[in-house]
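Shared between the two complexes below is subunit A, which pairs with subunit B and subunit C, respectively.
Up next is the complex of A and B:
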C-alpha cells in the first residue's frame, strides 16, 4: 500500500506542478512495434501527430516504441504517469492487464486501451470495426482472383482476426462462389521474415490474392516479386506498393479519436467509454482502389463501402451458417456486437480449424 | 607498427579493467551516436545511467532494476557453469518458457483452492519443467553425440509453439471472452509471487537469484564438482586424467542451467508478468548469454552485469519517452556494450606492442 500511496502523491504533486507551470496537457503513447513498421504502429503515431497538430503548444506528446507486452509495458506506463502524463494511449491488446494495474495506482491519469475489453473509471477501451473494411476487401478479392484461391496471413486466433477472415470470406464468396481460402497462422503482429515466408507459401499453393492481418509490408514485397499476385494494405495505406500488387487497403484512422479524447481531458469532460467505430465514423477508411482494378469492380466495392457508411448494410447479415452447418443468422438478421466481439467460429464454407 | 603479443598468463588487471573500459567506451561512442541523432549526448547518457538510480523517481525504478535483473542473473548463473566447462546451452529461452508453463499449469490446476503448499509446488514444477527441457539436448549429446548448441536452440522454437498452444487451449482463461492467455496469477493469492515487502521489487525470484550467485560461488571455489567444471573447460585432457566423466558433467551442467532458467520463468509468470500469454517470453534467455559473458562467467560479475543490463533497459525506456530517442538507437547502444567488451577482452590475453614490424 505504501508504494501506491507514494506513487499517487508523486503523481498528484507532479500533476499540480505541471498545471502550475503551463497549461500543457501531456499525452503518452505506448507502441508495440516500431513507428516505422508502415502498418499498425505507424498509424497510431500518425494519430499522435494529429494531436500535436490540433493543439500545438497546448499539448506535449511522448512515446515509447517496441514495448513488449507484460511487465515492461507496466513499467513504461508507470514511468509516463510519474512524469506527469494526463492521458496515456496503450495501443496493443496485450497491454490490457498492465493498463489495469497502472490505472489503479494513478486514479487521476486517464488511460485509453486499444482493442481491449477491460474498462475502469479511468480506463476507456476503443477499437475500430476493421471487419467492415474486410467486406470491401473480400468483394474485390473475389472478383479479381483467377485461381480462385485467396491466401490469408492471420496473426493470432482471437475474435478480431477471426471476424476479419469471416467477413472477407462471406463477401468474396458472394461475388465468386468458387472461391477458396487458405489461411496461415503466423502468431505475430509484426515479423517481416515470417510474414514474407507465409506469403511465399500461399503463393506457391496457388493463391493469387494475399490478404494479411499482420503489420509489415513484407507480404507486399513478396507478392511484387512473384508477379500476378494482388495484395491489400493493412492498417496503413502501403501506397508505395500501388497500383500493383497493392490494389486497395484498410486504413486505421486514429487521429480524430485521439484529438477528441485529448480535448475531453483538457476540458475536464473525459469519461470512461467503450468505443467501436467503423467506416461511418471515419475510424476505418478504404484506401484508394488502384487502376489495376476494373471500373465495374471498383464501383461495386465503393458502393458496398458507401452502403456500410450509410448504415444500410451490415457485413454480417443472414442467412449465415456456422462452419459445422448449424444456423447462426436467419434471413435478414444482423449479428449483434456481443457475438462479434467474442467470435470464435468460422462461417460455413471456410476449410480448416481455428487453432486451439 | 602495432603488434599483438600473447601474454604468458591472462592478465589479472585487465580481466577486471576491461568491463569498466567497455562501459566507458560505450558511453563515449553511444554519446556520439546520440549526438548525430540530434540529441544532447550528455543528457542522454545521464538519463540512461543516472535517472533510474538517483533521479527524481528512483524510488520506483530501483525496485524495477531487481525485477528486470533477477531473471537475467538467475539464468546467466546456470549458463555460466556450463560455459566454463565448454558446454553450450543456448536454449535457456526455451527452458524459461517451459518452466513458466509447467509451473503456472500446476498453480492453475488448483484454482480456485487457496493453500500454502501451492506456490512451493509451482516452484518445484517450474524447475522441473526447465530441467526436463534441458535434459533433451543433454541426453542426446551424451547418447548420440549430437550438438547441444543446435538442439537446445531449436527447442526454443518448439517451446514457443507450445506456449502459443497453451495460451490458446489448455491454459486459456475460461473467463477471458475467447481471448488468448491464462488467468492472471496476480489475482490468485496462493499462486502469486508477490513482493515480499510491498513496492520493494523483492520477490522470490530475486531471492533465488541471490542464492544462486552464492551457491555458484561456493560450488566453483570450494567444491570438487566446481573444480571439475573449471578443469574440463581449461584443460579437457587433464580433466580426463583426473577422472572427470564428461557425460556426467554434461548432464549436471545442462540440467542445472535448465532448472534455473525454468525457475526464472516460473517466478516471472507468477509475479511481474502474471499470466501465460503468446508473447510471454521477451528474450531473457538470450540476453542472459550476454550477461554471463559480460560478468566474465564469475558469479559476482554476473550479478553486476545483470543489474547493468537491467539499467540500460530501464534507462533506455526513460530516454525514449523523455528525449524521443528511437528504440533502435537504444538497442544499438546495448549492442555496443557487448561489442566493446569482446573487443577489449583481447587485452586480457594479449598485450599491444608498439615497435618495428618483424622484431618479435
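Up next is the complex of A and C:
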C-alpha cells in the first residue's frame, strides 16, 4: 500500500515537472567530438552556453558529444526529438542526411545543420566563411616560412576543406612566390594521435608552418615539441599554445547565431534559411596575432582582415586559374557563393590530387 | 613525387612510437583472453590511464611516476570489471562495454583542469655506444624507455605462456576452467590477476599517447586505439609475437601512408588511408591459417558450484 502511494506521488510529481518544463524551449546539440577538444566542438559548446546565458530559465539545453557521422547521428537526433526538443543544432557536415531523415519524421521540430547545403521547410543550414580567415592565415604563413614548405593537415575532401586550402594557398603564394603546400588527408575530424603523427610527418619532410583543418590541439603540441615550427589555432583560439607555436587563429563564434535562432523559435518566427557569415558579421574572428610575428607582417595581416571585414576585398578575386590551368576567374572577377559552396578543385599551383 | 623527402630512419623511429600504445594494450588483453576472459573495456582503461598518467606527471613533474600511476589507474578500472564479472558473475561483453563508456566519462571529468597543459618531457634513453651506430643506432637504441618496456612485455609474455608453469596454468584456466578447477587451481583468482595485468598494460598504452606520442591531454584522445588493440589480439590468434607484427604493421603503415601523402605519391589517398587496416588484417589472417583457435572458455562465466 505504502509503495503504491509512493509511486503514485512520484508519478504525479513527474507529471507536474513535465508540465512545468513544457513552456521551456528545449534546444538540443549534436557534437562530432568531445566538448573538451579545445577546437571545433568546444566552440559550439560555447555557443550553447551563450544560449543558456541569454535565456536562463526559459530554455533547457541538452547535448550529446562524440556522435559519429552516420546512422548513430540519426538515432541521437530522433531521441532528442522524442524527448521534446524544439530546436536541434547538428554541428558537423557529415550529419547532413541524418538531419534530412529525422526532420521528415518530426515536421514540428526545427533543425539547424552546420556547414551543410541541404535545406527543408524545417531545416536551416548555417556556416561561417572560414576561408576569409584562411586568407589572413595564408598571408602570415607565406611571410613566416623559411623552408618555403607549408604543411596542411586536411580532414575530409569536402568543399569546406578544399576552400580553406585554396584560400590559404592563394594568399601565401601572393606574398611568397616560392611557397609550396604539402597536404595530408587524415580522414578524421578528431583523433589526436593521428593528427600528431600527421604534423610530425610534415615537419620531418621540411614544413615549418603547420595549418590544420582538424579539431584537436594535438598538432600544436607536436609543433611545440619539434620547435621552430609555427601553427594557427583552428576553430578555437588555442591561446594556451601562444606565442609559439600558435601565432594566430581562426575563431568560430557561434553564440550570437544560436541565440538569434533560439529566440526565433520562442517567438514563433523561425523560418528555414541559409546563413553564411564571415568576418564582417563576426561569425569568424581572427585570434590575437602573437609577438612572434614581426610588426610589418602583423600589420599586413590585420589590414587584410579589415579589408575583408569592410567588404573591400574578397579572398577569391581573379585572375585565378584552376589546377589544370583552365581559367576560373577573370581579372577583378569575384567568385560567386554557388561555386564556393560546391568547390571541388584546387587552384593553379597546388600539387597533388583531391581524393574523390 | 619526391620520395627522397622521406627519411627512412625517422620513419622507422616514428613507426615504433605509433605502434607502442596498441602494442601495450593488445599484449595485456592477450593475457586476459588467454585466461578465458573477454574484456571489451580496453578503450576505457586506456583513456583512464592516459589522464591518470598525465595528471600525475604534471603534478609531480616526473613522467616515471605518471606511467606508474597510469598502470595503477588502468588496473583499478579493471578491478571493477573483475568484481562485476568474476564475483558478481555479470555478462562479460556488457560489463566490458560499460567499462569503456564509464572510462570515457570518468576520464573527461578527471581531465577538466588539464586541458592545454604541457607535460614534463620524457627523456629518451641513449644507450651509450649503441646509439652512435650509423642508421640503426637512432632507430633501435635511442627511444624512450616505455617503448622498450613494450617489447620486453611481448617477449616476457611469450616466454611465460610457453615455458613456465604459471603460463601453463593460465592457459589451462582459459581453455577449460572446469578442468582447471577440478585440479585445484583458483580459477577466479587467476582470472582477476590476469584482468589486473591487462588493465595495467592498457593504462600504460593510454599514458604513452598522452605523455609521449601527442603529448597533451584532450578528451577522448585514444580515439578508438583500444578497439584496434582488441581486434589485433583476435587477428593475431592470441600469439604474442603476432601481436607485435600486427602492431608494427598497423603503426608502420599508418605513418608510412602519411609520409607517402606528404611526399605527393600518386596513389589515391583513399587507398592509402585504408591500407593500415587492410594490410594488417590480410597479413594476420594469412598467418593464422594454422589451426590456432580462441581459448575454449573465452567469455564464459565460471562458478565453482557448476
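Everything below uses one rule, namely that the second predicted complex is superposed on the first by the 334 of 356 C-alpha atoms of A that agree within 3 Å, B and C clash if a C-alpha of one lies under 4 Å from a C-alpha of the other, contacts with A are read in each partner's own complex, and residues count from 1 in each chain.
In the analysis below, contacts are C-beta pairs under 8 Å (C-beta built on N, C-alpha and C of every residue); 3 or more make two chains touch, one makes a residue touch a chain.
It should be emphasised that the depicted structure is a prediction, and the values quoted were computed from it without experimental measurement.
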Partners on subunit A (subunit B, subunit C) - clash or fit: clash
Touching partner for A:187 - first (subunit B), second (subunit C), both, neither: both
Subunit B versus subunit C as contact partner of A:355, first or second or both or neither: both
Partner chain in contact with A:66 - subunit B first, subunit C second, else both or neither: both
Subunit B versus subunit C as contact partner of A:93, first or second or both or neither: first
Partner chain in contact with A:224 - subunit B first, subunit C second, else both or neither: second
First, second, both or neither for A:245, with subunit B first and subunit C second: neither
First (subunit B), second (subunit C), both or neither touched by A:200: second
Partner chain(s) touched by A:47 [first = subunit B, second = subunit C, both, neither]: neither
Partner chain in contact with A:79 - subunit B first, subunit C second, else both or neither: first
Contact residues common to both interfaces of subunit A (with subunit B and with subunit C): 34-35, 65-66, 157, 187, 355-356
Residues of subunit A defined as touching subunit B within the complex: 1-4, 6-7, 10, 28, 34-35, 62-72, 74-76, 78-80, 82-83, 93-94, 97, 101, 117, 156-159, 187, 341-344, 355-356
Complex interface listing, subunit A residues touching subunit C: 33-38, 65-66, 151, 157, 182-188, 190-194, 196-198, 200-202, 204-206, 216-218, 220-222, 224-225, 238, 240-241, 351-353, 355-356
Residues of subunit B defined as touching subunit A within the complex: 57, 59-61, 64, 67-68, 164-165, 168-169, 177-180, 184, 186, 198-199, 268, 272-275, 277-280, 282, 313-314, 317-318, 320-322, 324, 326-328
Subunit A contact footprint on subunit C (complex, rising order): 5-7, 10-11, 14, 18, 21, 104, 108, 111-112, 115-118, 209, 213-216, 218-225, 254-255, 258-259, 261-264, 266, 268-270, 273
